[in-house]
Structure formats: C-alpha cells, structure tokens
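For clarity, chains are labelled A, B, C, D and E in written order, and residue numbers in each chain start from 1.
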Amino acid sequence: MAMLEVKDLEVYYGMIQAIKGISFEVNQGEVIALIGANGAGKTTTLQTITGMLQAKKGHILFEGQDITKVPGHKIVTMGMAHVPEGRRVFANLSVYENLKLGAYTRKDKNEIAQSLEMVYESFPRLKERRNQSAGTLSGGEQQMLAMGRALMSKPRIILMDEPSMGLSPIFVDEIFKIIQQVSAAGTTVLLVEQNAKKALAIADRAYVLETGKIALSGDAKELMNNESIKKAYLGE
Amino acid sequence: MKKANLKSMNKQTKSMLITYAMVIAVFIIVEVMVSTGMMSSLMQGLLVPLCIYSIVAIGLNLCVGYLGELSLGHAGFMCVGAFSSAVFSKCMMATGMNETLRFILAILIGTVVAAIFGWLIGIPVLRLRGDYLAIVTLAFGEIIKNVINVMYLGKDSKGFHFSIKDSASLNMETDGQKIIDGAKGIVGTPNQSTFVVGIIIILISLFVCFNLVNSRTGRAIMAIRDNRIAAESVGINITKYKLMAFTISAAIAGAGGVLYAHNLSTLTALPANFGYNMSIMILVFVVLGGMGSFRGSIIAAVLLTMLPEVLRGLADYRMLIYAIVLIIMMLFNWAPKAIEWREKYSIKRMFGKKAKAEEVQ
Amino acid sequence: GCGSNSSSSSKKDADKYYIGGIGPTTGATAIYGTAVKNGAQIAVDEINAAGGINGKQIEYRFEDDQNDAEKSVNAYNTLKDWGMQMLVGTTTTAPCIAVAGKTASDNMFQITPSASAPDVLSSGNGNIFQVCFTDPNQGIASAQYIAENKLAKKIGIIYDSSDVYSSGIEEKFEAEAKDKGLQIVSKAAFTADSKTDFGTQLQKAKDAGADLLFLPIYYQEASIILKQADTMGYKPKFFGVDGMDGILTVENFDTKLAEGVMLLTPFAADAKDKAVQNFVKTYKEKYKDTPNQFAADSYDAVYALKAAIEESKATTDMSASDMCDALKGAMTKIKMQGLTGGKDGLTWNESGEVTKSPKAVIIKNGAYKAM
Amino acid sequence: MSFISYLINGISLGSIYAIIALGYTMVYGIAKMLNFAHGDVIMIGCYIVFVLMGSFHLNSTVSIIAAIIGCTLLGVVIEKIAYKPLRKASPLAVLITAIGVSYFLQNLALILFGADTKSFTSVVHIPSIKLAGGNLTISGVTIATVISCIVIMAALMIFIKKSKSGQAMLAVSEDKDAAQLMGVNVNKTISLTFAIGSGLAAIAGVLLCSAYPTLSPYTGAMPGIKAFTAAVFGGIGSIPGALIGGILLGVIEILGRAYISSQLSDAIVFAVLIIVLLVKPTGLLGKQVQEKV
Amino acid sequence: MALLEVKNLGISFGGLRAVDRFEVEIKKGQLYGLIGPNGAGKTTVFNMLTGVYKPTDGIIKLDGEDLVGKKTIEINKAGIARTFQNIRLFSQQSVLDNVKIGLHNQYKYSALTGILRLPKYHKMEKEMNEKAMELLKVFELDGKADFLASNLPYGEQRKLEIARALATNPKLLLLDEPAAGMNPNETIELMDTIRFVRDNFDMTVLLIEHDMKLVSGICEELTVLNFGQVLAQGKTKDVLNDPEVIKAYLGE
C-alpha cells in the first residue's frame, strides 16, 4: 500500500480550475520529485494534501486513511510536515520559538531537545541567530528556518515546496544532502523543485506536472535522460 | 493588446456611467413621485438624509477603499462642515444676503473647512498604520465633538464674542444673539437642504472621486494601498498622496455635513450624530457596499438608512432585527463560502462568462 | 396598549381623533420615551373607555426617535403619513426643536410633555405648547427656594453640560443664585460620554466646602452621585429638580441613600392626591413600574388636548392645520388640574409656556414629603 | 491631599479600563480583530449577575461564576456564528460584523431587561481603606480591581508564554495557515481566545458595575471604547501594555477632569493618546514591527 | 567616471555588523553581479542603496551625486530603481496599471487636471498607455495587460516587477534574485531579456543572484560578499575561480 495516494484530484480557485484530475502515489521511504513550469499547480497540489486548500473532486489517502476532508491540523498530527512556498516563517517570533512551534504536535521534551540539536547541527546559522526575530532573517536564512521547522515535527512524510529557492550554490548542495539524510533516516519525501536536475538526481521517481495535469511520470533517472524533459526542465 | 487595454478603460467608464445613470434615474423617479403625490411624507423626509449619508459614504470610501486607511473619525469632518457652514448661514441671515448665494457659499465654506481639518489632522495621523490610524481618527472625531460642545459664540453690535466656559461669559450686549450655545448647539439654521441639492452634491462627489481614482493620482493612491514599500521604490510621494486622498475624503464628508446642518432647524454635536457611532455607521455603508465601489456605498447607505424606518412597525424589536439583518448581510456579502455560492448561482456566470476561467492558465 | 404601534397600515378612520407621540424608546435615553409613551397611553385608554372626546374615540400611535433629531423628523413624517392631527411630543429637547421646525411649517398642533428648553417654543409659530416647566423657570425657582428657605450658604453644582435640559437650568440657577446672594463655591460638569463616575466632581465640591449640592440632572446619574458621595463620606444636602423624580424607583437602588434629598417637582408618585394614586396604580399594573414625571406630564398632555378640543369644538374630520388653528386659541383658555397641576392647576399663555407651581418635596423614609 | 485623592480615583477608574483592555488586547492580539462587541459582552455579564442576585437571590460568588460561564459561552457562540465564517475575509468585514453583534446585544438587553437603569449592588466585600485621618479613601472595589488586574495580567502572560495553547495562540496570531501546518487547530485556538476574552469581560463587568453602580443596556459601550483606547495606548496586543495603558488613561482622565476641564476630559484623554502615538506609533509597549524589505 | 561609486559602506543591526566596508564601482552600461552566501548582506546593500536602510557610515554616489541620507523616493528620482527579493507588486491592479504607476514621475499632470479631465489628461494618459505597452512588450507581457497582477504566474510577476522598475526611467537597475523560482529555461529567457534591456535602454544593471548559470552568463564583473565584507571583486571569470569564493560560496 502506498503511503500517500492522490486519486483524480481536482482543485479550484473560485471558478478557476488549477488541478485537473491528477493521480499519483508516494511509497514509504521514497523520495518523489514533482516538477513542472511556473503555474503548473505544484504548490496547489501540496497545499491540498495538507489541507490548506480543499479538493473539489478526488481523494487523498494517507496510509490508507482518506484525509481529503480531514482538517489540516489533524493531518499534521498524523505525521505529515510541509515546507510551504514562500517560507511562511512566524516573522515576529524568534528563530527558537519558530522551531519550538515546529514540534507543536510532539510531547516528549527530551526528544524535542534532541531534534532541536539536530536542526541546529544541520543549520548552524540558525543556532547562531536563535534569538533573532525570524522576519529579519535574510531570504536564505528564512528558507533554512522553514526547513528546520518542518523537521522539528519528526514527520513520517515531508512535503517540500522549492526548498532550494534563494539558497547559495554551496547551500543548495547542502540542502539536497540534508534531504537525502532525512530520507535515509526513514522519512518519506515529496519534493517540488525548479532545480529539476538536482531533484531528479536524488529522487526515486518523479511526476511532471503541466497546467494541472500529469504529463509524464516514471523513474527519476530515466526521466533525467528523457529528451523532452531535458529540453523543458533541465535547460540543456 | 491595444484592445485589451481599451476593454479595461471601458469597464471603468461603464461602471462610472451606470452609477451616474442610476443616481439620475432615481432622481427623476423621485421627482415624479413627489409631484404626483405618490410619495409618503416619511420618504420625502428621508430624501435629504439619504443624500447626506450617500455623500459621506462616498467620501469615506475614497479613504478606506482606495487609500486603504481605516478612518473612524469621518463624523468629525461632517461635524466640522456642519458647524462651520451653520455659523456662516446664521451670521449672514440677518444681512439679507441672497439665500441661494448664501447657501452655495455655506456649502463651499463647510467643504473647505472640513478639508482644512482633514489636512491638518492628516499630517500627523497618516504616519500611523492600520488600527493605530483608526483609533487616532476616532480620537480626533471625539475631540472635535467635545470641543464644539464647550464652544460659545455670540454676536452683538460690538462684533463676535467667544468663550469656552459658558454663555454668560460671552458678556454680550443685550441685543446679542447666541450663535453657538455650547452643548445646545445652533438653533434656527435655515432649512435649505433639498433633494435636488443633495443629488447635485452626490453627482459632484462621484465625479471627483471617479475621475480622481482613474487618473495618475488615483493610481498612486492605490499603489500606496497595495504596497507601500514598492510605491516608494518607484518614486511615489507617500505622504503627499495619502494626504491628498484623506483631505478630499474629509472635504466630501464636510459637504455632507453642510447638508446635515441645513436640513433641520437644530444642530447639536451629540454622540448619536457626530460621535464615533456615526463614523462607524458610515463605515458600515462602505464595507457593506463594497470597498472601492462608490455605487455600492450609495446603495448600502440608502438601504441601511431606510431599513430602521421600514421596520418601524416592529416597534422596539426593530433595532434588534436591524442588527440581525446587518450581520446576515455582512456574512452573505463577505463570507468566502457565501461568495462561492453566489458565484456559482449568479446569473451572469450562467450566460457566457465561462471563457474567463480558462484564460488564466 | 391597544395596538399603539401595530397599526402601520391602518386606513384612516374619519371618526376618530388621531394623536401621535414621539420619543426615544430605544437607545440610551429610552426610559424617557417609554415613560411618555406609556403615560399618554393610559390617558388615551381612560378617555376612550369613558366615551372619548365629544363622543369620538382617540387613535394613538407612538414612534421611536432614539433621541436623534433626524430620526425624530422621520418619526414625525411617519405619523403624518398615518394621519396624525395632533402631536404629543417630542420627548427630548434637541429632537423637539427639529420637529418643531416641521410642525411650524405644517401648522401641526404640538404639545410636548417634557422638552423644556425655551427654544422649543420659539421654533414654532404659536402651535407649540409645553406641559413641563421651562428650564429657566426651574433654575430660577430652585435658587429662590434655596435662598428663601436659607437651606445653605455655600453651594456646589454638578450638571450635564452635554444635555440641553441640565445646562439650561444650571445657567439660570447660577445667575439667580448670585442675585440672591448665594455663594456658588464649585461648579463641575460631566458629559453624556462620562456619566458613571462623579468622584472628581464630588471631591471638588467637598474641597470647596459646599454644604448643598444642586443637581439639575436626571435621576440615574443622581443615584450614582448619592452612592459615590456616601462612599466618600461626603454628606451635603442635595437639591434636585424634576429630573430627579424617579430616584426612588431605580431598581435595586438603596433608597436610604436618598434620605433628605430635596427636589422641586410638579409630580410625586406617592402624593395622596386621588388622581395621582389612580394613575400610579394603573401604571404599575400595566407596565410593572412606577411612573415618573415624564409619564405624568405626558398623561396631562393628552388631557390638555382633550380639554382644548372640547373648548374649541374641533371635530375629527378637521385637517391637521385647521385643528391646529382651533386648538391654538383654545389652549390659552383652558385650565386643568392634571397630575402635575399642584395647587393652582395648569394654564398656558400664548407663547405656549405653562404656568404651574412647583412642589418642593423632601425624601423621608423612602417617600416624598411636602416641604 | 486632593491631588492624591484624584490620583486614587484615577487609578480606580484606570484599573477598570485596564481589566477590560486585557480582554480586548487578548482578542486583538491573537485573532487580529477589533471586537467592538466586547463592551456589550461585559454588559451581558453584569445583567447575569444582577438577575441572579436580584431575582434568584443567589450569592455573589455563585452569580459571578455563572456570569463568567455565561459570557464565555456567549463569546464562543458569537465567534462561531458571526466571525468564523469570515475568517478569510477582509478584517474590516469582521469589524463591521462585530458592530452588528454589538447592536444586537444592546437591543436584546433592551428588550429583555428594559431601558431603565438598574442600580447595581457591589459584589466586592472588601472594606475600604481610610488614610490620612479619613480624608483619603481607597474603596474595596479599587483594591479588588487592581489586584485582579495584576493577577489576570500575570496569569495571561504565563499562559501564553508557557502553555501549549499559548504557543498555539502566538502562532495563530502570526499566520493562520502556517500555524495549521504546525498542527495547531486554528479554529479551536481562536475559540479559546474568545472564551478567555469573554470570561475576562464578565469579571471586568462585575467590577465595573461594582465601582460605578449603574446598569443599562449601554453600560458597556463607552467603557468598551475607552478600554480599546487604553489597549492602543499601551500597545495593542501587548498584555502588560493593556494594564499600563488602562491605568494611565484613567489617571489622565481624572486629573484632566479635576484640573483642566470636566467637560473636556475625554478630549484631553484622546489628545494625550494622539501625542503618545505620534511619538511612539505602536503605543507604549507595542512592538515596533519592522517589515524586512 | 563610474556611474555608481560606493565607498566604505556599513550598517549594523543591534550587535550585528550586517555590512562592513563595502566598496564597489560600476561603470555605465555594465552588467554587474553581487553574490555571496545567504545572509552575507546583499539585500541589505540594496536596501542601503535605495534608502530603505540608512547606512551607519559610507558614501554612495550616483553620477557624482551623493545619495546617503536621501529618502527612497528621492533616490528613485535620482535614478535608481529596484526589484525585490520577495515580489512586491501592486497586486490588486492590472498589469498595465502596475507599469503606469512606474511611469508616475515621467508623465506628470496635476490631480485637478485628472479630476476635470482637461485635455492634458487625455494626452498624458495616451502617452502613458503607449509607453507602458512598449515596456510590457519587451517582457512579452503585452498580451496580459488586462490581468490582475496577482493572477500572473510567479515568473511573469518577476518580469513585471522589472518592467515597472524600468518605467521609472532609472540610470541604474537593481535586481534582487530575478531568477529565483524560475526553471532553467525560464532563466535563459530572462538572461536574454536583461541583456536586451541593457542594450536598448542604455541601462546599467546590478543584480543579486544565486543561479551561477545566470551570473556567469551575463555578468561582466562581480563582487562577492561574505559576512558583510567584500571577499572578492573583479572580472566574473576570475572571481568565480577564486579559491576563497569557491570555498565560501560555490562549493566544489
């Protein structure tokens, strides 16, 4: 059974249909890349999965349970985390408070402290700035915080919306390493990326979204060699 | 692409023309009904107040809908316009000045004085944002009301006398005439506000507002509303345009105040007419009618002013019903669910607007 | 009441007198309007039960104005549409002046139970009459009474500067008190926006050594003043005017605090007078409340209309304007006792002002006692 | 001597403003809405106590608890019916709905309890303190109010800082969607905020009416506005700010009334407010939120 | 002479020295890159150049004119326009109006002229429309002139921001991560557009970017910031091969 399964999903903004019936699945332990041009509907898809948007039609199953109508906060409690587009850090709270909120669904104080240490280890800059209010961080620093905050919930599956956006080249490599580590530690990953090359390189499988529909899907390595993908998304 | 651009121009112009047409049509219908005796005294008596609130709502909409600043002090500007013009009319009544001319001057004076107040208050206040601005405008409105309530102004053979203590301290000659008598306000202003004048001022206000928002100045004002930092970055003088919009908005409210002052024979600055409650009431018109929609403001002002009168049969329950209707209208107009529902079942959609949905992709 | 408000769609019955009433029945001043509405209703019911005026029944309807001039005019127009021939109202002063402007131009007969400012009368063309004292009269009478009876030397005043009634009385009182050699040692105002805390005003009076506090205000505020003065341990004499009437009826008010309070009022709910007792009884039965002077004045206003109609022989089919001309003349001829007539009864002069003698009462053992 | 007495009056009035402002600021700080109906919830709380004590002869403690429960429920119901559907709409729309609710409560009270003012019996049984040979009196209500203010303020601050729900409130106040992504139940959190705010309103109401013993359907309106002013004065959203703002406002009002003009006291209060905001645009303790470009 | 001359520029936030002794000289017509690790202070430099932040010390000269202490609007009038790292459009207005707002100081008429619709109003509006459409065409947005700005996809919003900045007729254009959120193809298109703007509008461009393809593709010279200080400066190729830069920023 797939860990996350999306079936015939349709999503609207008012009267505008952004997602036109897509289906895909993410298996336990996989890294799945979701790629596509601007406005293809990647963000919309992730937001619908975590309950920020409501699906008009279709179903979303998480570990066999239908979560299409489950309120967002419950989905998070079930073990799903989301690094949202635009970072959405709590601007007036400190870095530390942001991270603590990341662990909102967890109870064990010791384990939370451990996770915090891990996040600080992955993102030393955050440790350095733990008392700075998040709103004054630089763009890239905020991106790190958003990522760290999501990891604080110790999710079983994590959805990431362009985690490498605004990061320096050296840190882009770093973040992909972190994603691999997260995956290696047993967390399933659904990754939306503009940096398709890097995303495909670490992904197991990938789906290509075009104007609200899935245009292509398959093994990540194979897609990397697919001519049309190369042309459209890899810039070669 | 030229066409696209033309289309957008047309849309604004069309909305503008519809609004003018609506106002004029209502005017004609009302005039016909009055002359054929088909209109009740209540409705006839309501005509001028309806105009007053429409005008002030138009003014406030400029401030709230286009400038994006929440003012809870517009009743204060009404108050200033009302009192300044009433003082003028009262002083001139004895001189035998031509009545029409006197009234036109009164309107100008009320408008200008309100504009001056708007400008003066705007300078410090517009540095604040959001709810802080709201409370400060509310505070100014209350101060204006409070101060007017302790003002005593009299006129006798020796000229004007002024006091903020009591009318006895005016020390007037026996022939003296009290003009403003503290909390008792002004009594005996000429009743010159008519429906025609009201309609003319509505049309002028609409003309000013429509043309303003569809000009370079209006775009600058809206740019400030949408993104202050970006507006600054393209060289828009924030203070100047905020102040301009606020002042015009206050001036229009002042014009409404002039009509108010010349509608009844007594003018007092009470919490009910010039307090924050009135400011809020006008804000209700603006928000209910739709921020940015002058036509909506007029319609909401008319509906909500008439509602309690229409509900008179319900006796003391009417204000309760009024509150419930207000809440329901707000929910119906603004709740995302309700909006979705309306879009789904709107007649417009069913016939041919579907194409637009695809366009965005 | 017999459908005083429900008859919105009534067709006019030419065989009845149409009397309208206006006052606030919602909003912060709703007590006054409600009292006026009820007082008049009792009078109308009595008259109708007793066979009406000249054998014709009265149709009565009351409209709310929320104590707002503009809404008052709306209420007036509503009543006009209904077919009103005479107006009992409006209750409060500022709206009354606004409506007076309209009645004057419509030539509608108007008798106000309670709008007491002189401006009310001067806004009309002789079509307006008052049942209550004018404010200056009350101020002058109070000062005279205090001086004549040597109640105090040092006087403090607390009044509502945002209220026409209160500031009107205060102004004349002050002038008259000075003439009579009374010393006003402190004068402190409050406004409609801050009428729940009088600590400061009381402190001022206390510091100035006032041994009598003149309170030309309504009884709700007075009840708080009495309570706060008590808490402060300040015990001057208190002297009020007709607005003070009602203080004993404030629900849950500790009437002991009002012991020794003096007031000038045309009406006292526990007077031994039979008419008054009847009225109070009916009022209590009907509205579960003790009537105050507003109710009494309004009751008298309806009877004054009755007297004036009988005097002038005005008929039900008259237009409002004809009715007005007829009643105008008659008003100055009638004399009636009413509930508020005191020892000399009620008479009116041409300018619409009432002549009646104020009663000074003192509160003893939770009841009024003539002084 | 009279100055000190005025000062005491001011603190007494100010502490009432403060306690109302605490509820205001709480709701504003978290739900980001100006709950103009807050003053009217206060009024309803007073009527509950009045009726329970007057007509049902319950003792004051039971009545107060009943009022707190009643107001809490009322707050939650109001939130559900009138505000929740507008969660995603413009804040102005919510403001207007709040005004509608305010009208509704006032007129409901008018119909249920009548227009006449009731005299409210103080429920505070602390004796007043007499100082300086009886020239200065600090009333029991003042003492009770000041103590309640401080206790409530401290409790709120600890609650928000330390408790899980408090953390959730902070998150919701910043960004509802992001809070939801943290697993915060946004609706429940906002309901809780309203519940607490309205419960506080009941306490504030009882103290208000005990200090200024009069009750009518409009009792809450003006104190509500004043408390709103106080909350802004202290920096809206800031809990200690509400306390300081409230007390200062009361003191300024009373001193202004005593030494400048009793008719202009409100004007003076508002003028001071304006000056403070011009110097410090986010109020005394308000955080200057800087937008990073 | 250099168009932009910055000397010894510095700013602190509390204890944090976000930018320190920053220097740069940009010649007219240059395409200049500002790069560096996250939090190095690049955006802060932009903010100081545009008057959003007031530098604690240093000199900024544009065409010889000193800009330190001037307000954002004055600096814009003096000739610097920018885009933002987080897109800041006038989201409730049409694409066309966004550009027309950029033209605000180029085509002036008074508020009264606008209200009374005097002939000058019509003339100016017509010219503004033409100019705005011309700019939109450069970014291939002319077909969407009517759209609400917020309804554009991300990449087009970035382009619109550039168009709006250009409308203010600047001498120097500052772009903060113009390619963020764009895929490689879109980035390539953007590079062409930037070159086109430089050539056809006589523009000098200073840009911040983390996308090395874009940086090495169009920037002629670079400054690398690290912890607020200049780490390297010079020809693009040299800088990108600087071992320090590779260590701190590029990685292997």
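In the analysis below, a residue touches a chain if its C-beta (ideal position, glycine included) is under 8 Å from a C-beta of that chain, and two chains touch if they have at least 3 such contacts.
Fair warning: this is a prediction, and the values are worked out from it, not measured in the lab.
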Distance in touch steps, counted as few as possible, from chain A out to chain C: 2
Lowest number of touching-chain links that must be crossed from chain A to chain D: 1
Inter-chain centre distance, chain C versus chain D - centres from mean C-alpha coordinates, in Å: 36
Rounded Å distance between chain A and chain B, as computed from the means of their C-alpha atoms: 50
Length of the line joining the C-alpha centres of chain C and chain E, rounded to whole Å: 74
Centre-of-Cα separation between chain D and chain B, whole angstrom: 31
Where chain D touches two or more other chains at once, by residue number: 107, 110, 263, 266, 291, 293
For chain C, residues that touch 2 or more chains besides their own: 25-27, 161-162, 191, 193
Per-residue multi-chain contacts in chain B, two or more chains: 142, 146, 149-150, 229, 316, 319, 360
All pairs of touching chains, each written as two labels joined by a dash: A-B, A-D, A-E, B-C, B-D, B-E, C-D, D-E
Touch list for chain D against partner chain B, complex: 28, 34, 36, 82, 85-90, 92-93, 95-97, 99-101, 103-104, 106-108, 110-111, 225, 228-229, 232, 236, 261, 263-264, 266-267, 270-271, 273-274, 277-278, 281-283, 291, 293
Complex interface listing, chain A residues touching chain B: 14-17, 39, 211-212
Chain C contact footprint on chain D (complex, rising order): 2, 5-6, 9, 12-13, 50, 54, 107, 110, 114-121, 128, 134, 137, 139, 211-214, 216, 218-219, 222, 253-254, 257-258, 262-263, 265-266
For the chain B and chain D complex, residues of the former touching the latter: 64, 70, 124-125, 127-129, 131-132, 134-136, 138-140, 142-143, 146-147, 149-150, 229, 276, 280, 283-284, 287-288, 291, 316-317, 319-320, 322-324, 326-327, 330-331, 333-338
Residues of chain B that touch chain A when the two form their complex: 340, 343, 349, 356-357, 360-361
